[in-house]
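In what follows, chain A forms one complex with chain B and a second complex with chain C.
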Partner chain A sequence: MTEPLIVARNLRKEYDDLVAVDDVSFEVAPGGSLGIVGESGSGKTTVAKMLVGLERPTAGRIEIAGTDCSVPARGWRERSRRARSLQIVFQDPYSSLDPRQSVGDALREVLVVAGLGRDRTEARARELVDLVGMPERVLGSRPSALSGGQRQRVAIARALATEPRCVILDESVAALDVSIQAQILNLLADIRERTGVAYILVSHDLAVVRHVTDDVIVMRNGAIVERGETGTVLDDPQHPYTQLLRESVPRPGWVPSAGATR
Partner chain B sequence: MSLLEVEGLTLDVPVDSGNGRILHGVDLTVEAGSAMGIVGESGSGKSMTVRTVAALLPPGATTSGTVSFEGEQVTGMSSDRLRRYRSSQVAMIFQDPRAAINPVRKVGNFLIENAVTNLGWSRSRAREKAIEVLREVGINDPERRLDAFPSELSGGLLQRVMIASTLLYEPQLLLADEPTTALDVTTQSAVMALIDRLRRERGMAMVFVTHDLELAAAVCDTILVMYAGRIVEKVPASELHERSRHPYTRALLDARPRLDGRESRLRAIPGQPLSGLEDVTGCAFAARCPFALDICRTDDPPVVVVDDGEVRCHRVHDQLWEVS
Partner chain C sequence: MSVAQVATIVRTRRRSRLSHLGVIGWLALAVIVVFMFVAAFGEALAPYDPNAIDIAYSNVGPIPGHPLGFDELGRDLLSRLLVGARSSFVGPLALVALSTVAGTTLALIAAWRRGWTDATLSAGFDIAFAFPGILLAILLATLFGAGMAVAVIALTLAYTPALGRLLRATALRETGMEYVKAFRVMGYSDFRIVVRHVLPNLMPFIIAQAIVMFGYATLDLGGLSFLGLGVQPPTADWGVMVAAGAPALLQGYPMQTLAAGTCLVLAAVAFGVLGDRLARMWGVE
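For the complex of A and B:
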């Protein structure tokens, strides 16, 4: 069996009295795709933040491509190495780009830090906008001239700039219109096929999770309540909470049900 | 006479270059006790349509056409009359209850303010009724919640408070603008079940604005699909999947990933949604439509009545797909 690309072991995160993430373990294979499903307060975003180093686990271990990433990177070289392993795309394309920076500069900045020479940087920037299905002229545009879907393409291009082995998609298509969401989901599938990148999709949208991921973990109140192959979990959920999530999705013939509200 | 009749409604708002039109002749009718869903993407004009019905318009906006409620022109109402209209006949709930409820005043104040100020109730009567409606929307320990600040309640609870506030005075028409979009799916289900039950018990009509076609179909009688400030299709909710005919409606239904299976590729709609502000010749959807003909790019399609619905498409009779 191939070495897993990402290993999370018994992750725990506490904020004062609150346990946000409790004993969470999972693996992602190279080129794999894992969904992390849950509602607000489930701890799914905290897991993503620990993986990219924005939060430090209270306990547990994170290994990315064989390196221990449980503690913050020390020094430029180590940070840069981790950046080439793992990148993240956030939900809101309106706040994740610097409004004063052109698309080209946003990409060049990442490429220069990654150590590409000037010639190589220009060529790679053009490759990247092409990879996300945009014309070269957007390199000169500022985010304000772009639609939400176009901005999210830029955010994806920037995440892919250093050829990371895994990209975390943190609700990355949730804010997009249905017709644009479908375009971005197709784009993500194409990129995975072409580059062999792995995805970790953090989402509350079960249909999107089904479309993008091979395996899934379902989180509630910081803990994993169910895990398995995505199709199996969604077609035949075992845990009552997964069943409730599944039942709550509007679909033909659906009737909203009172259930419990927190 | 219908409860709400909107005819030929246009809405112009100030933009950088003068005035921009965001609604281009919207017609709709809501009967007492019925529920109408308005669906569409960003910029389609769905929110502005219900805001115009509530006479809640951005500064400098101008309208033409008519909005009449029980036969009375909403656009011609005096400010006193408008206050009574909004405080006793229609109610509006918004996507983000945190933005709509004053954060520095207690939930109790928010609930009874309208009844005391506009309807002339005594504070004690308003308080009693507030406790009653909080209980009705499923909030435990309502007396204690009255003394809570909005920040102490979850989003789902706060949206219930918002709904409770509309029940204090039993309006004839509820205008709901993406009321559950900011909520978790399980909470959305509970809140929609609540709205649905209360609406049916009281014979209250509803205009429900959402981007979620499945959700609209589940709780409404009729669906209007809007695109670029125009209504492109009206279809009974029960026939949305089987008998809708506009290429945009079909494309929206097809573009969503499925929950019960996985396709290798989604049928995405090329291009991006058009807002009403953009200049359009012919059909607004023509540029993205796989079935567009020359006439679609030159002539505005007329409204065609088919079965129980209405479609604005030149190719409505062309059997573009099987309609059962």
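For the complex of A and C:
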């Protein structure tokens, strides 16, 4: 068994009286893919924020590539090291890009901050738009000229720019049309195959989780209620909450009230 | 429609053309351009020496060659009005520049640091905001003597928290955007995020606010000069001229007060309207 890339141990996050995340532990292997499933308010996004250092865990430990990342980074060296191991793609493609910055400038800035020489950034920026299946001319476009799906591709390209070992996809396809969702999911699967990047997919959408992940944890009220291989958990859920989540997915013959009552 | 989508629509609207200023907006802009031109070249434009006294012409009305007539000391009114534009606008310019820089800096620090820094600065804004600028100016003038510099400093202390409060709220919204979080995860320094990304996105708001503020500044500093706490005679200045013409009002000669007062009000209204139109055009009301 190889050394896990990301280890979360007994993570806990409290906001005043509210316990948002309670005793959450998991591991992600290099090139692995973990789904974090749960409804709104289950704490799954808080877990993602703690992993990337946007929130400080109240208790618990986060290790990324063997180093302790439980507290927010101090100093640019540490920040840039973490930036190269873990990145995140947010849910909302409309606010996750600086509206004043062209796609090319956005990508070049990440590369320059990451310490890539200016002579190499241009080639790498072209490589990146190509990786996410966009034509090179979008390098000159402002986000306002792009559709939601295109923006999300840009956000993915930006997250991949520094060749992180893992990318967190925080509801990254939830704001997109279903057909665009499918394109982006295929793109993500394709990128994983080509680059060996690991994913942590945070989602409430079981179909999306099934499409992208190998393993899954199911969260409710801040705690993990079920975990295992994605296929097993989703086909044969053991915990009543997971069964409920599954029942709530609309399908032929589905009656709204059946899933809504507990 | 999500909040973010609304924000995006507002953002795209920012890029709209100047034609969206409307007739009133263009009119205001034209007035401002004329005033600024006069402020820059007033001395060259003035037909006579604005300080040449001729008591024989004291409060004489318009005559050929002197379209606005003379003031109480027989100085050419039009010349004084043209030359006075500069001192009437230099003060407001300094005031707006100082308070915009100070207010923006403090608001960005509050919005970026949040927590107790924000709480402290916000409380400071609220306390300072509660002091009327004019009263503060009178206080400082009695302590340090009357003059333009003292008046500008006093009003800067009053204007800074006004802008700071407004901008803090907008900056809080901007720093909560996901692109800011993404940049933090990318390892960008705070300085880079705030100065190269957040600040440029706030510029439309800041510019519109500064222009509106310029209108108020013209009136407030004119008012202080009127009270004798700003520009000192014999320097030609619209606020000073309004005051100097006041005794003549009772003698039935309103020309000086009327001319200078009209210029002040016109400038204040023009800046107010333009700022308002720009804010609406950029969607940053």
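Please note the rule applied: the second predicted complex is superposed on the first by the 257 of 262 C-alpha atoms of A that agree within 3 Å, B and C clash if a C-alpha of one lies under 4 Å from a C-alpha of the other, contacts with A are read in each partner's own complex, and residues count from 1 in each chain.
Keep this in mind: a residue touches a chain if its C-beta (ideal position, glycine included) is under 8 Å from a C-beta of that chain, and two chains touch if they have at least 3 such contacts.
The model shown is predicted, which means the values in this text are computed figures rather than measured ones.
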| item | value |
| --- | --- |
| Clash-or-fit label for the pair chain B, chain C on chain A | fit |
| First, second, both or neither for A:Arg82, with chain B first and chain C second | second |
| First (chain B), second (chain C), both or neither touched by A:Val110 | second |
| Vertex chain A; arms to chain B and chain C (CA centroids, nearest 10 degrees) | 80 |
| First, second, both or neither for A:Arg74, with chain B first and chain C second | neither |
| Partner chain in contact with A:Gln181 - chain B first, chain C second, else both or neither | first |
| Partner chain(s) touched by A:Leu234 [first = chain B, second = chain C, both, neither] | first |
| Contacts of A:Ser40 with chain B and chain C, given as first, second, both or neither | first |
| Which superposed partner A:Gly53 touches (first chain B, second chain C, both, neither) | second |
| First (chain B), second (chain C), both or neither touched by A:Arg194 | neither |
| Touch count on chain A, higher of chain B and chain C | B |
| Which superposed partner A:Asp98 touches (first chain B, second chain C, both, neither) | second |
| Least C-alpha distance (whole Å) that remains between chain C and chain B when both complexes are overlaid | 8 |
| Residues of chain B touching chain A in the complex | 41-42, 138, 154-157, 160, 184-194, 196-197, 211-212, 214-215, 217-219, 241, 251-252, 255-270, 272-273, 288 |
| Sites on chain A touched by chain C in the complex | 52-54, 73, 76, 79-80, 82-83, 86-88, 90-92, 94-101, 109-110, 113-114, 144, 155, 158-159, 162, 175 |
| Residues of chain A defined as touching chain B within the complex | 39-40, 147-150, 177-183, 185-186, 189, 204, 206-208, 210-211, 231, 234-235, 244-252, 254-262 |
| Partner chain A, residues of chain C touching it in the complex | 2, 4-5, 7-8, 11-12, 15, 177-179, 181-189, 192, 197, 200-201 |
